[in-house]
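Shared between the two complexes below is chain A, which pairs with chain B and chain C, respectively.
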Partner chain A sequence: MFKQKRLFELVRTVLAVLIALIVALVTILFASDEPGRALSLFLFGPLDSLRHFGNVLEMMIPLLFTGLAVSIMFSAAQFNLGAEGAFFLGGITATSVAINQSLLPVVHPVLSILAGGLTGALFCGIPALLKVKWNASELVSSLMFNYVALFLGLYLINYYMRDVDAGAMVSFKLADTSKLIRIIPKTRVHFGLILAALTVVAGYYFMYRTRWGYRIRLTGLNSSFARYSGIQTASVIILSQVLGGFIAGSGGAIEILGMYRRFSWQSLPGYGWDGIIVAILARNNPALIPVGAFFLAYLRIGADLMARSSDVQSEVVYIIQGVMIVLIAAESFLAHYRHKLVYREARKTAASGK
Partner chain B sequence: MQTDFLSMNNITKVYPNGIVANDGVDFSLRKGEIHALVGENGAGKSTLMKILFGLEHPEEGEILLKGESIHVSSPNVAIEHGIGMVHQHFMLVPSLTVAENMVLGSEPRRGIYTNIKKAESETLELSRKYNLTVEPSARIRDLPVGIKQKVEILKALYRGAEILILDEPTAVLTPQETKELFEELHLLKEKGSTIIFISHKLHEIKELCDRLTIMRNGRSQGVFNVADVTEKEISRLMVGRDVILEVDKGPAAPAEISLKVRNLTVVNDFGKNAVNNISFSLRKGEILGVAGVEGNGQGELVEILTGLQRINFGSVEIEGENIAGKTIKEIRNLGTCHIPEDRMTYGVAETLDIEQNLLADKHDSPRFTGKILTRPKVIRENSLKLIGEYRIKCGSPLEEVKMLSGGNIQKVVVAREFSSDPKLIIADQPTRGIDVGATEFIRKRLVELRDEGSAVLLVSADLNEVMELSDSLIVMYNGEITAFIEDVRSLSEEELGLYMLGIKKQTDGEIGRALHV
Partner chain C sequence: MADFFNIIFSVDFGYAVLRVTTPILFAAMGALISDKAGVINIALEGMMLISALTGVIMSALSHSAGLGLLGAVIVGALVGMVLAYFALNLKTDVILAAIAINLIAMGGTVFVLFMVGGDKGISSSLASKVLPRIDIPLIRSIPVLGPILSGHNILTYLAFLSVWVMYIFIYRTPLGLRIRAVGENADAADSVGISVRKIQYTALILSGALAGFGGAYMSMGYVSWFSKNMTAGRGFIALAAEAMGGATPHGAMFTSLLFGMFDALSNSLQTLRVPAEFIQMIPYLATVIGLVIYAANKTEQIKRIQAHQNREARKGAQEVKLL
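Then we have the complex of A and B:
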């Protein structure tokens, strides 16, 4: 029975993805003068060169971090949307360490990433604390705090780290000692991919093989039961969000160190939101985060390539995202079919029991 | 040959969790009878009635009313067809008055306002007609359970119910209130109502009903005239074998005090003393029952003892330690275990597998976890052992708890709680709503643990259980202890009822014997 349920969830997800793709394809068919070309760019563009596939992997790196961060927070049933702000501020603090020209290699990126992570932890910890102390909805407060993160970050760049000779609102150049090395030649895929992979594996073990992960899951599934069992749910609620914030913040730091020469974000980069999509696709299971992150990155790059060399805008990808999320989140999507399955199964066991 | 007023044919209902609640059930009703629907908890009685009342929809089967097929898609449709239901848990708005509750949804109007006067006079008129005495202007929250039930019945009648479904109406009543209810039901019958009476108390059925339908395991076991069958035959058809619900237990050998409660007062959210200055002691090797109509402070008492709620006034000592300021974990570490009243809220995480549920209170014990990683092998051994020992019926330890039947879910809870070598067991309604097999098993385990030297506090609204299982007994009424019965064997059910209703109260000296000083 439980295997069936897992299978059913898989079928449901795949079907949701397929329906979303079909909707997008139909849209392209109508919107484009050369739909065949647009479609093939969209679906196969990311595969047509190492550089393009490299783009997919590059984009996966931040998604792995924010996806994991969100899934840990969501596992505790804490709908903290602060991954976005944590990612942004993580980039800012990492920059403040990375523009320092007097640090040793290796130590330099490590310090930058830690600084980014701690900032993220602090940032996501605030809504958690407000929740525990005053029962303020973490969803609302973290959402609002994202704007605080944006403007605070821009303020810091503008007044403390801005390179006035650069002609735009960007920071000083990052020191070479701080940068993450490229690991695949002819692409921009950097060492962050390895860090991300390690973090996801560690995240999986943390959630499913340690007592702390157990507490987070139990609190998320039934907090009354967790409390009754002797778990201090308030600390678990804080832990999950501080940890999620740390991972998102480190992700932001790694993104800056691996992909940029200067800090140049003028608005929230959106990876925190994307992390929510990845976490939903992965059903909050760290083991499935890479699948979700790859899928979303592939869609994004495909849409970019299509927009660059055909007459369809890359926004078509938002149609896919929207349809997909609605179908997956809608509990009763296919529920009728599922009930039929259950009914048949129950009849079968009843018959064999006689 | 009387024709059937209502008949339900070949009803099949499968719940989303795969449980077949009704399997080809036939049920029929004659006009003007009181028809009992009996069966164990989980036999499918409530489901069948929910289908009749439009709360659930069957996969198969049809419903005929006066020979015509009807489709009951919602309770509103059921009410239109003259079918009314009184639920086990009342559906009343506590802050409104009796009359307001009565007319809710079909209020008599005066302009844009509800015509309260008319509502009250209609309520009074109806209440006189059926001799169900209620005060129309009283607020529901101030009323005792028995009166609330009358309001529920009147509410159904007000909406024109000809068929009245009563879902275990006596479960919440004292023996005295039950008697009153039966008189009222007889009167209703005389005035032409048809009543479906759900119960598993056989003597009540013998006393009240004309015919009965017996259900077991989602199937009907047949329809009988009450006069033609003996209680023993009914019980055999209900359970499928002869049941001995008497617990085989020797005399208790009480030792030193394990739990000491002194002058405990609990103030609830409404500023009322839910528990009012009570004191008692519980010794190792004995079962102390806490009897009382639900909602008389037992729930609050349990919450205090298990650390779910803070102590306002008074003191509680467990194993010689004052528990004030201790966390739930610390209280558990003193050797306390807790079978919660509401197992789905406090006892399990239903979407988690059995194995992980069995681990909840000991997930961080060195036995199951190293410095960082848990030990899956030891955990698996433990879950297989407990599943075997407690006969939890499941396909694998990885099955989700919500796939199990009520009795097996309770066994998961009990297995987890009892496997921590408890010194003090707080069992709150340990067998509520579960099948006879599991009930017998859990009761037996409680007695075994007593004999091994655990102290057991048994809170139960099931009079039979509390009288069978307990060595001594305290009765709670309105947050106070109204009686301490040193030897339960000397107590009659009627006398217990008087204490439960607060009609009779022992002297302070008699109650003081519960301190064992």
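Then we have the complex of A and C:
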């Protein structure tokens, strides 16, 4: 029964993705003067060279972090959208450590990432605290805090870390000792990919094999039940948000250390929102986060390649994402078939019972 | 510090407050109507963005600001209908469906703008129209108040009018009563023959239309163009304003004005020697603080009522024992 339910969920997700892709293809057909070329760039562009495929893997790294972060936060049924701000501030604090020129090679990135992670944890912990203590909607407060994070971060860069000689509003150069090494030649794929993989494995273990993970999931499924069975739901909520914030913050730090020479973001990079999409694709299950992250990264790079050498804008991806989210989240989408499935299964069990 | 007070107590500042409150107020009314029907609409942000673009495109194509506004409102209502379809028919979590709409709006508006005008991010090649400003004859000549209240965009007056209309609609009409009934207790409303789905559809469509007015104001009044992500969180601020205003039209109006004041403050303080980043933070921080104060008060209230009920129950039990 469980197996079939899982299979059904898989079929549903694949179908939702397919419908979204078809919507995108139709859009491209209408938008482009040379739709064939645009389409092939979009669908197969990421596979045409090692460099382009490397781009997909590079983009996967931040998505793995924010996807995992959001899935842990959402597992507790908290709509905390602070991953975006946590990722950004994580990058900022990591920069403040990384521009220091006098630290040892391995220690340096570790310290930077920890600093980023702790900032993220603090940042996502605040909406959770406000929720638990005063019942203030974490959804609205985390959205507002994202803007606060943006301006606070820009202030810190502008007034404390800005390299005046660089021309643009960017930080000082990051020290070479702080950088994450490249792991695949001819691409920019960096050590962060391995860190991300380890984090996802740890996240899965935590959510499905430890007591605290179980508490988080139970609180998310039915918080009254969790409370009546003696779980301190308040501390569970705070823990899950702080943990999610830590992961998102360290993701931001790793992105900066792996991909940039200086901190140069002028606006929120959007990986927090992407994390929501990845988490929805993965149904909040850490084991499926890599699949969701790869898929989204592939779409993004495909769209970028298409926008670069055809007349279609890369924003077409947003349409795919939206359609995917609503269809996957729609409980009644294909519910008819699920009923049939359950009915048939029940009859079979009844028949064999005789 | 003297500069600060000069800014706050100037006529320009009063005028600016009303100007920046307008979109928040429309969206707050949109948040109110859906909240009354028991659905949270966090898609207001995306709805406003889509409507802002529709207004620009429609007014440029038809050479008429009025038709632009009409298009914006209709499209806003349509997006509300789409949200209702997913939330009510397909049983999508309404928050996730709204996040999807916001995402589609963020990218989709840029995409459509490029297809229509070839512009990236800002509608510079579209000759869009602006809705007229109105000078109110008698009020205009009152000293101090005149320049603050007169000469605004027509939608600013409409926004404040909508508060009053909303009040009448919700508390004085049969449909308003049904909307409130559904929001208070959907099962009870259903049991007396009210179609919950139809009512929630209506509320979300109206909510979208109100967001449509707000969006149209952004691109055809506040400024005269569309730019990428121009709503900048106003839809979310409106949600906070509505919650903090105690889910009543007048309360939401006052909190919208409060947030508008902080917004205007952040615009006019830019001339002072305070880091711009801090000033830009003000409206968002103010929103969080307001939200927390409101929520804390409400929790306190519920606790007090519960304590009162417990006491009454205990008293009742004692009386029964005595009997």
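Basically, the second predicted complex is superposed on the first by the 343 of 354 C-alpha atoms of A that agree within 3 Å, B and C clash if a C-alpha of one lies under 4 Å from a C-alpha of the other, contacts with A are read in each partner's own complex, and residues count from 1 in each chain.
Following the convention adopted for this analysis, a contact is a pair of C-beta atoms (placed from the backbone, for glycine too) under 8 Å apart; a residue touches a chain by one contact, two chains touch by 3 or more.
Computed from a predicted model, the values in this text were never measured in an experiment.
Q: Superpose on chain A as described above, then tell me if chain B and chain C fit or clash.
A: clash
Q: Looking at A:R12 after the superposition, I want to know if it touches chain B, chain C, both of them or none. Which is it: first, second, both, neither?
A: neither
Q: Per the contact definition in the header, classify A:R211: touching chain B only (first), chain C only (second), both, or neither.
A: first
Q: Give the label of whichever partner, chain B or chain C, reaches more residues of chain A.
A: C
Q: In the overlay, answer first, second, both or neither for which of chain B and chain C A:H339 touches.
A: In the superposition, A:H339 contacts chain B only.
Q: With both complexes superposed on chain A, which partner does A:A31 reach: first (chain B), second (chain C), both or neither?
A: It touches chain C, and chain B stays clear.
Q: Mind working out whether A:W134 is in touch with chain B, chain C, both or neither, as first, second, both or neither?
A: After superposing on A, A:W134 lies in contact with chain C but is clear of chain B.
Q: Of the two partner chains, chain B (first) and chain C (second), which one does A:A329 touch, if any: first, second, both, or neither?
A: A:A329: touches chain C, not chain B.
Q: Pick one for A:L221: touches chain B only (first), chain C only (second), both, or neither.
A: Only chain B; A:L221 stays clear of chain C.
Q: Figure out whether A:N158 sits in contact with chain B (first) or chain C (second), or with both, or with neither.
A: second
Q: Find the residues of chain A that appear in the contact set with chain B and again in the contact set with chain C.
A: On chain A, the residues that contact chain B in one structure and chain C in the other are 335.
Q: Would you tell me which residues of chain B are touching chain A in their complex?
A: Within the complex, chain B touches chain A at residues 14, 16-20, 23, 59, 306, 308, 327-329, 332, 338, 340, 345-353, 356, 359-361, 363-364, 369, 372-374, 376, 395-396, 398-400, 403.
Q: Along chain C, where are the residues that touch chain A in the complex?
A: Answer in residue numbers: 42, 86, 89-93, 95-97, 99-101, 103-104, 106-108, 110-111, 114-115, 120, 233, 236-237, 239-240, 243, 275, 277-278, 280-281, 284-285, 287-288, 291-292, 294-296, 298-299.
Q: So in the complex, the part of chain A that touches chain C is made up of which residues?
A: 31, 79, 130, 134-137, 139-141, 143-145, 147-148, 151-152, 154-155, 158-159, 273, 276-277, 280, 313, 315-319, 321-323, 325-326, 329-333, 335
Q: Okay, in this complex, where on chain A does chain B touch?
A: For this pair, the touching residues of chain A are 1-2, 5, 205, 209-211, 214-215, 217-218, 221-222, 224-232, 335, 338-339, 342-343, 345-347, 350.
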